[in-house]
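There are structures below to look over.
In what comes next, subunit A is part of two complexes: it sits with subunit B in the first one and with subunit C in the second one.
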Partner chain A sequence: MKRELAWLDRVIFAFAAFFFIAPLIAAAEYSVRGYGNKGHTFANYSWIIHQLGFSAALWTSLRISIITILIVLVLVVPTVVYVHLGGHRYRRLLEIVCLLPIVIPVVSLAIGAQVAMPKNLQSTSYELCFFYVVVALPYVYRSLDIGLQSVALSTLVEASQSLGADWFKTLTMVIIPAIRSSTTGALFITFALSLGEYTLAVLLHFHTFPTWATNISQENIYGSIAISVTTLGGAWILLIFVAFLPRIKSLFARKERVA
Partner chain B sequence: MEIHGSTVEFRNVKRTFGTVKALNDFSLTIKPGELVTLLGPSGCGKTTALRILAGIDKDHEGVVEIDGKDMSAVPANKRNIGMVFQAYSLFPNMTATENVAYGLRVRGVDSHKREARARELLELVGLNTQGDRRPTQLSGGQQQRVALARALAIEPSVLLLDEPLSALDAQVRAQLREEIRRIQSTIGISTLFVTHDQEEAMAISDRVGVMNKGVLEQIDEPGKLYNKPKTSFVAGFVGLTNYIPAVMETKSSVIVLNQVVDISDHSVDAKKGEEVRALVRPEELQVEKASEGAVVITKSFLGPITRLGIDAGTPELIYAEVTSKEAKKFDTGDNVKISIHSDSVMVEYA
Partner chain C sequence: MVIADELAAPTRTTGGSGSSRLSIKFDRSVLGLLPIFLFLGYFLLYPIASIISSSIHDNKHHLTLSLYGNLFSGNYRTAFTGSFKLAFYSMIVSGIAGAIICWAVVKTNGIVRTITSSAAGVLANTGGVPLAFMFIAAFGQEGLITKLLLNVFHWDLYGGSFDLYNFWGILLVYCFFQVPLMVIIFTPALENLRVEWVEANESLGGSKSQYFRHVLIPVLLPSFISACLLLFASAFSAFATAAAMSNGSIPLVPLFIGNLVNGNVIAGQENQGDAMAMGMVIVSLFVIAAYLLLLRVTRKR
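Moving on, here comes the complex of A and B:
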């Protein structure tokens, strides 16, 4: 029975892997095709960086993504931890609030919420950060919620405090590292979403990387696929780096001790 | 390593959860270097007392002092109290060494000093070769040893042990409790230990406090608690006790099992002729072979002693303990005569 299940696991895994990887491979192959399907070339990639506004748009999107991640870290992570620790009565409410962005159309968010933004933030690209936090909430909340449910949170907090740590140290040195994979997942989703979000940026007339890429891709269909592949690849490299950073650090620390 | 033991004092501490009184006028003093255990059934308030001392539970009335200093306004992270929890509480993202060094890290001690200290503590708990392991790579007993080392690393003024052995198997539990006692007396730290396991409490404590429904019924040395219980709850909770129907002979003696026996202090103030219950330990009963009378119903081998369950016409079986060598004389179904060989017994209203 166990062996049968193991086989089934492998089949499902292979199917899922094919489902995700096949389009990526196809896109990567398409992005290196020469004009008129003549051979393969990296010209489409060099074409991207030579386009006007590439670095400015990329820098704007990166800046927005990083700030969005910081807001999620400072605002959402402690809030979800709080409802898990002592604010159980708010948990259902928070869950509903965090799920709302799924059912609220982005257009209403763009028009309605923009009015509510502080005057000095309106018409600066930084206001997008706050919208992206809202849009990422359902995924961020779910990821953190699962992570926090998997650890004995209250015991860890009590242990940390009895050893002299304040709330900030407990959060940064114990809780977030203890749910590292969930936090990384949440931050990756936020980063990918902020870097690739198009609708809000267009509706609010901001020039981000996705809006720039859309405009530019009308001139070169192979180039547009190269842009998508680059963006996705960049996000994946970053995720792998973030996920393995603590292990690399501890490996170095161990080597130092041995030396 | 030696720690200056502190004096801990609870004075008239009260704590309620809704309508339930978890602690009711709870007072206790722990002397420097003493290991005091709070023993009692689930929900008796023992863990609440410990959490109040740790500063984790702050919604209470009354005074809690450490070395004469009122702790009411001192947050948990400033109390300098080491705590070992019932659940495995090691930080999963850290190795054993990092866990032990954590308290020093948050205090800003430099990395070389804290690593040396962590090594010293891991050696004290016998885990000096396991420092690089993560909690998931350690057994339950090893995790609790690391937790103990972590609690001691900060040189706390008081050590709190919240049922730290309850999740472990019997052999590891017995071994670790001895080790806790050895370490505690070596370094001389004042310790409050909470457990529902009376054997554990009696084995390692200087004094044991028995709690019931938020009240500290009695606190005494283990031997005194066992031999001179002040309440029937304590007599019933600590060790096995037979509740045998009896009749008051005079104000100071009782007829039990057709035998006149003096009654001990803390007994109820019953009148002559009144029906009462005598509280008799199994080892206070003597069993002899007889041709008629009580009948041996059960016989349980417990190593050096054997426990006999005897039907003497009382509502419940009477348990008597004899040496296993002597027990060879008795089989189930045998008639026996039981008598009390104790100077006095405690009685309570029937």
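Moving on, here comes the complex of A and C:
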């Protein structure tokens, strides 16, 4: 049955590949077009860098992403480890709570933030960090959960404590290294999300890289396509890294087992 | 759009120890959860509670439901209808296209499988202005694909009612992240199909169409519908892409709310945006609840 349908599968793959790859190629071609459609050039890419506010916007976005990651590391990672240790009693509760942000559309969250947050928080772009943690929470939870389920957590903790380590040492030197790939996965998702997030940033009137790119894109069509290619390329490299991370790890695991 | 990955495989997270019942008795170990509860309470529940509160008060601070009543008339109604229509069409188109691609994907393995699944994960998280400009370069009036279709296939994309900046254009753009989303969510369901069922059907003398009607459809329908619901929720609440594509020319709820936030408020209706935002939350709640219910049905089998 599989053989005889192989040609149909190929047609499906060809169509899908065309629909998803053609726009990329089109955008890449457009981004290197010369002014007035003459020749090909990288001028559009250097145009981006020379626009007012480029480095400021990028720096703001980077700072926000790094702080978001730190909050995830300090707040979310220990809590998820904790419920996996604590006899699983509150795991289901935490799971439900961590999935909650999915139900709330980001637009609604932005409105709520505008109504509820105190003025001094709303006057700084670091406000975004907290909401990015909320938005990223479901992905972070799931990534960590999968990692924690694959290791013998209580054995590790017992071993570590019988060797005299305290809780902080156990967490930072035993557990987090043991689930390194899912922790990095979670952090990369957080990073990619907070670097590319547009809705909250624009609705709360902050100037991050995505909102800056949107503003600047109204001036030069080729330049804005170059921005699109750059940001998509950057985001995809990050996300591909996340996607391949577990596979890289399992590759190593196999080698260890053989050895 | 990112919702997807997450809800795609909650089965994995729930299994575990089996003793995961919530206990009502207080014990101290719940204190470990306090920091994250406080955090979510302040940054998620408190904002939502605030918009609930202001959506049931008019600008003279009188309790009223009239703001919700307004949602059923005039421009607000148009916006909700527009969002429903876009979410519904994109659910149907991406649901079917995604399911067909899944059907081809599950038969592959090795490197092809790895590439398609990572590509789906990456494409499903694409959106906003970059996506919009990519489509302008490809399907715009001067786009490469538009030219290709015209010169090679003699098909004028813009001959009919299609325009990249109207409803159909946005629908096309949404497919770019909705179809991969469907692939991510629906692939596990197809993977769970057993070879034994094909064999059982054959050994009982069933034909291929009987297998299709009596085995495949009943088995896959709940997962298909639940996956589609997720697509609906994703399209319904998408903001960045719609904002980049339409400049507000298409009536959609998220764009409408965006306009209100940017200060285009009609005097005396300051809280109307809150009611709209709550309207979105309510729709999304219903859709996700239906999704979870269906998921439970599929999981029990």
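Following the convention adopted for this analysis, the second predicted complex is superposed on the first by the 180 of 259 C-alpha atoms of A that agree within 3 Å, B and C clash if a C-alpha of one lies under 4 Å from a C-alpha of the other, contacts with A are read in each partner's own complex, and residues count from 1 in each chain.
Rule of thumb we're sticking to: a contact is a pair of C-beta atoms (placed from the backbone, for glycine too) under 8 Å apart; a residue touches a chain by one contact, two chains touch by 3 or more.
Owing to the predicted nature of the structure, the values given are computational and were not obtained by experimental measurement.
Peer 1: Of subunit B and subunit C, which one contacts the greater number of residues in subunit A?
Peer 2: C
Peer 1: Tell me the contact category for A:Val83 with respect to subunit B and subunit C: first, second, both or neither.
Peer 2: second
Peer 1: For A:Asn220, select first, second, both or neither according to whether it touches subunit B, subunit C, the two together, or no partner.
Peer 2: A:Asn220: touches no partner chain.
Peer 1: Looking at the overlay, does A:Ala116 come into contact with subunit B only (first), subunit C only (second), both, or neither?
Peer 2: Second partner only, subunit C.
Peer 1: Once the shared chain is lined up, is A:Phe130 touching subunit B (first), subunit C (second), both, or neither of them?
Peer 2: In the superposition, A:Phe130 touches subunit C alone.
Peer 1: For A:Thr41, using the defined touch cut-off, is the partner it touches subunit B, subunit C, both, or neither? Pick first, second, both or neither.
Peer 2: The answer is neither, since A:Thr41 touches no partner chain.
Peer 1: Touching A:Gln161 in the superposition: subunit B (first), subunit C (second), both, neither?
Peer 2: first
Peer 1: According to the stated criteria, A:Arg142 is in contact with first (subunit B), second (subunit C), both, or neither; which is it?
Peer 2: second
Peer 1: Does subunit B (first) or subunit C (second) touch A:Val97, or do both, or does neither?
Peer 2: Once the two structures are laid over each other on A, A:Val97 reaches subunit C alone.
Peer 1: State the interface residues of subunit B toward subunit A in the complex, per the touch definition above.
Peer 2: 54-56, 75-83, 85, 87-89, 91-94, 102-103, 105-107, 132, 147, 150-151, 154, 160
Peer 1: Within the complex, which stretch of subunit A touches subunit B?
Peer 2: Within the complex, subunit A touches subunit B at residues 151-152, 155-156, 158-166, 169, 173-174, 177-178, 180, 246, 254.
Peer 1: Inside the complex, what are the residues of subunit C that reach subunit A?
Peer 2: On the subunit C side, the touching residues are 2-3, 5-7, 9-10, 12-14, 16-17, 19-23, 29-30, 32-33, 35-37, 39-40, 43-44, 46-51, 54, 100-101, 103-104, 107-108, 114, 117-119, 121-123, 125-139, 143-145, 175-176, 179-180, 198, 236-237, 239-240, 243-244, 253-254, 257-258, 261, 273-274, 277-278, 280-281, 284-285, 288.
Peer 1: Within the complex, which stretch of subunit A touches subunit C?
Peer 2: Per the stated touch rule, the residues are 1-2, 8-9, 12-13, 16, 19-20, 22-27, 29-31, 75-76, 79, 82-83, 86-95, 97, 99-117, 130-131, 133-134, 137-139, 141-142, 145-146, 149, 192-193, 196, 198-199, 202-203, 210, 213-214, 217, 221, 224-225, 227-229, 231-232, 235-236, 239-240, 242-244, 247.
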